[in-house]
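Next up is a structure, given as structure tokens.
Labels run A, B and C following the written order; every chain starts at residue 1.
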């Protein structure tokens, strides 16, 4: 896991990442991808969404400020990425908050071949159908076994599922990797989860490792960038600034093998 | 006024604030609300706007980059907030600039029960129908008695009206509170007024004081955050960064009782 | 060229610049224009686009996150600016990336009187129809004589054409000015080209010099601001912050006459 070549390869390839995303985080995602060494392109109109995904190395679908038009663009873009064999990452922002988000997530999962769902505990709980009290687009609280919920969603939809929070997990439904690190201030900047989904899409675009290892690496990398930025930050305002610097400034050596805890074939 | 419990209560409750807002300031508003201690959610599609307002502690309607679809979402979201007794704040960005903005503001004020209109002098003058020379979305200049215009609008629409600028005022049509402080650089960062409207929506969501006192407090708090940020800033770029830090970093003690000047029942 | 009065005049007039732009860069453009001393207004709805352009000193059309609705708004806004004799700047973001962008650029150039097209080499090559390998919205690489392509586009569409990159060029189809300076980190921040287009629109709004000289000046000014910001920046995150400071902080004296290289009537 986390072999040193993945980040170097990403920076060499500078993969084009198509983001159909929300108006709140579009700028932060684009800057984060550029800082990381990838190339962002945002194109959410039905006139070109499929064509842009065909050009791109991976496609991110983020439902943060969804409307009826962008749902169709997501279906078209995801279908195009599927046709060309490029990974599609789904960020189900506030998945349980409204009926519209619930049925859109269901439709995207039914009609597309999703490589990875990356969400917080509340969002994955909503997809799994387990009890959880989310607040708007925030993670919220619950008593469900969230790792079991992630494995269930991964098995049902034959995809990777990553739940990010204090400790991140990623699972393919069988193997489960926990990733530690990060900093509490990361929850006080808007779009930190959204940008992480874009970052995982960039790492998945680099075909060097198995997808689950690429995702685990990206989670560890992101947490490390958060730690580096937190050292320099006085508050959420300059944390975001230092975080963009860290995405471009840190290297493989920063990733700590001790961040990873692997469980195989252990149904929880 | 400005009792120390209001900010603490906001940070304890972390109210969910639904913002139907413009593409220019959405990120800054979301980060500002998070820094303050509130939870932002942006959902401007007709498919879910009413449902999100029903979940939220208050709703902000900002007409900065309006289109025909978002007007309907604003009506639906505001109506839902009204049904559940949650405050609705209207930010009439560039209210007098175009016929479309004028008739949208008229419609929102006619069909919804607005708790607070927060704008600059040019915007409130446009609603009051008094003479003023605004430039685009900027405040502009005029000779009208702007406090009288605010009181007139407050009486006509049975709401609070806040006009922010060098000295802020807030009125319920009878009582009028002037709030001093702030820093001139605040006019050189986009979305400072828009974020202020979101901040007042957050303070109004915390039912501790009378609404007019909650708004006056939020104006004073915001001006103080501006002063703190200006001390550290070399220009508009890092002012915005320090301002987000200040929204999270300052506490009640920073608010100065001497910022408030109260006039009751004095028609100007 | 670059007489000291142009920047002072811009800051005195504070021209209103109407930007129909994309969701990724809207905030950065608005803050950049404010920092520079201009007044931004973003209004991309068909209900008001023409009216806002009639109020504004210049209009920017940026196709970065185009959809069918905003194309009509661009036609309406550009037509209104043409009627009132105000300059229209076209930023053909990713012009060659999709069929939709290609045909939109063709339509805008056919139906409107464009004062300036500002793009990277890949975008201008796509308009010129010369060979170039662009990647998404990035400049890409090619062997074409890009200065000749710019002159060809300028002659065909009777407008100024600026291609920005390591060395910028601007041409009216006859005279060609090269502008040196800047810093490589400028390619790692999203919206640097988009904001530059908005900045040229602001300088073109100030009727002091010939348009080509005003554009050449704005390119030199922007490169100088990049150099100043790069001196203070540790990475792309704080570069963007320092860059906004520099747009407001530097003065004419910072512009170096040695940045300009003028060629007249030399077809390349």
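Observations on the structure shown:
Please note the rule applied: a contact is a pair of C-beta atoms (placed from the backbone, for glycine too) under 8 Å apart; a residue touches a chain by one contact, two chains touch by 3 or more.
In UniProt terms, the chains line up like this: A, B, C = Hydroxyethylthiazole kinase.
None of the values given here were measured: they were computed from a predicted structure.
If the chains shown are joined wherever they touch, the resulting network links each chain directly to all the rest. The copies subunit B (Hydroxyethylthiazole kinase) and subunit C (Hydroxyethylthiazole kinase) differ by a rotation of 120 degrees on their C-alpha atoms, rounded to the nearest 5.
Rounded to a whole number, the gap between the C-alpha centres of subunit A (Hydroxyethylthiazole kinase) and subunit C (Hydroxyethylthiazole kinase) is 33 angstrom. Listed for subunit B (Hydroxyethylthiazole kinase) are residues 23, 27, 240-241, each touching two or more other chains.
For subunit B (Hydroxyethylthiazole kinase) in complex with subunit A (Hydroxyethylthiazole kinase), the residues that touch the partner chain are 14, 16, 23, 26-27, 30-31, 34-35, 39-48, 51-52, 55-56, 69, 240-246, 248-249. The residues of subunit A (Hydroxyethylthiazole kinase) lying in touch with subunit B (Hydroxyethylthiazole kinase) in their complex are 22-25, 27-28, 64-68, 94, 97-101, 135-138, 188-191, 234-238, 240-241.
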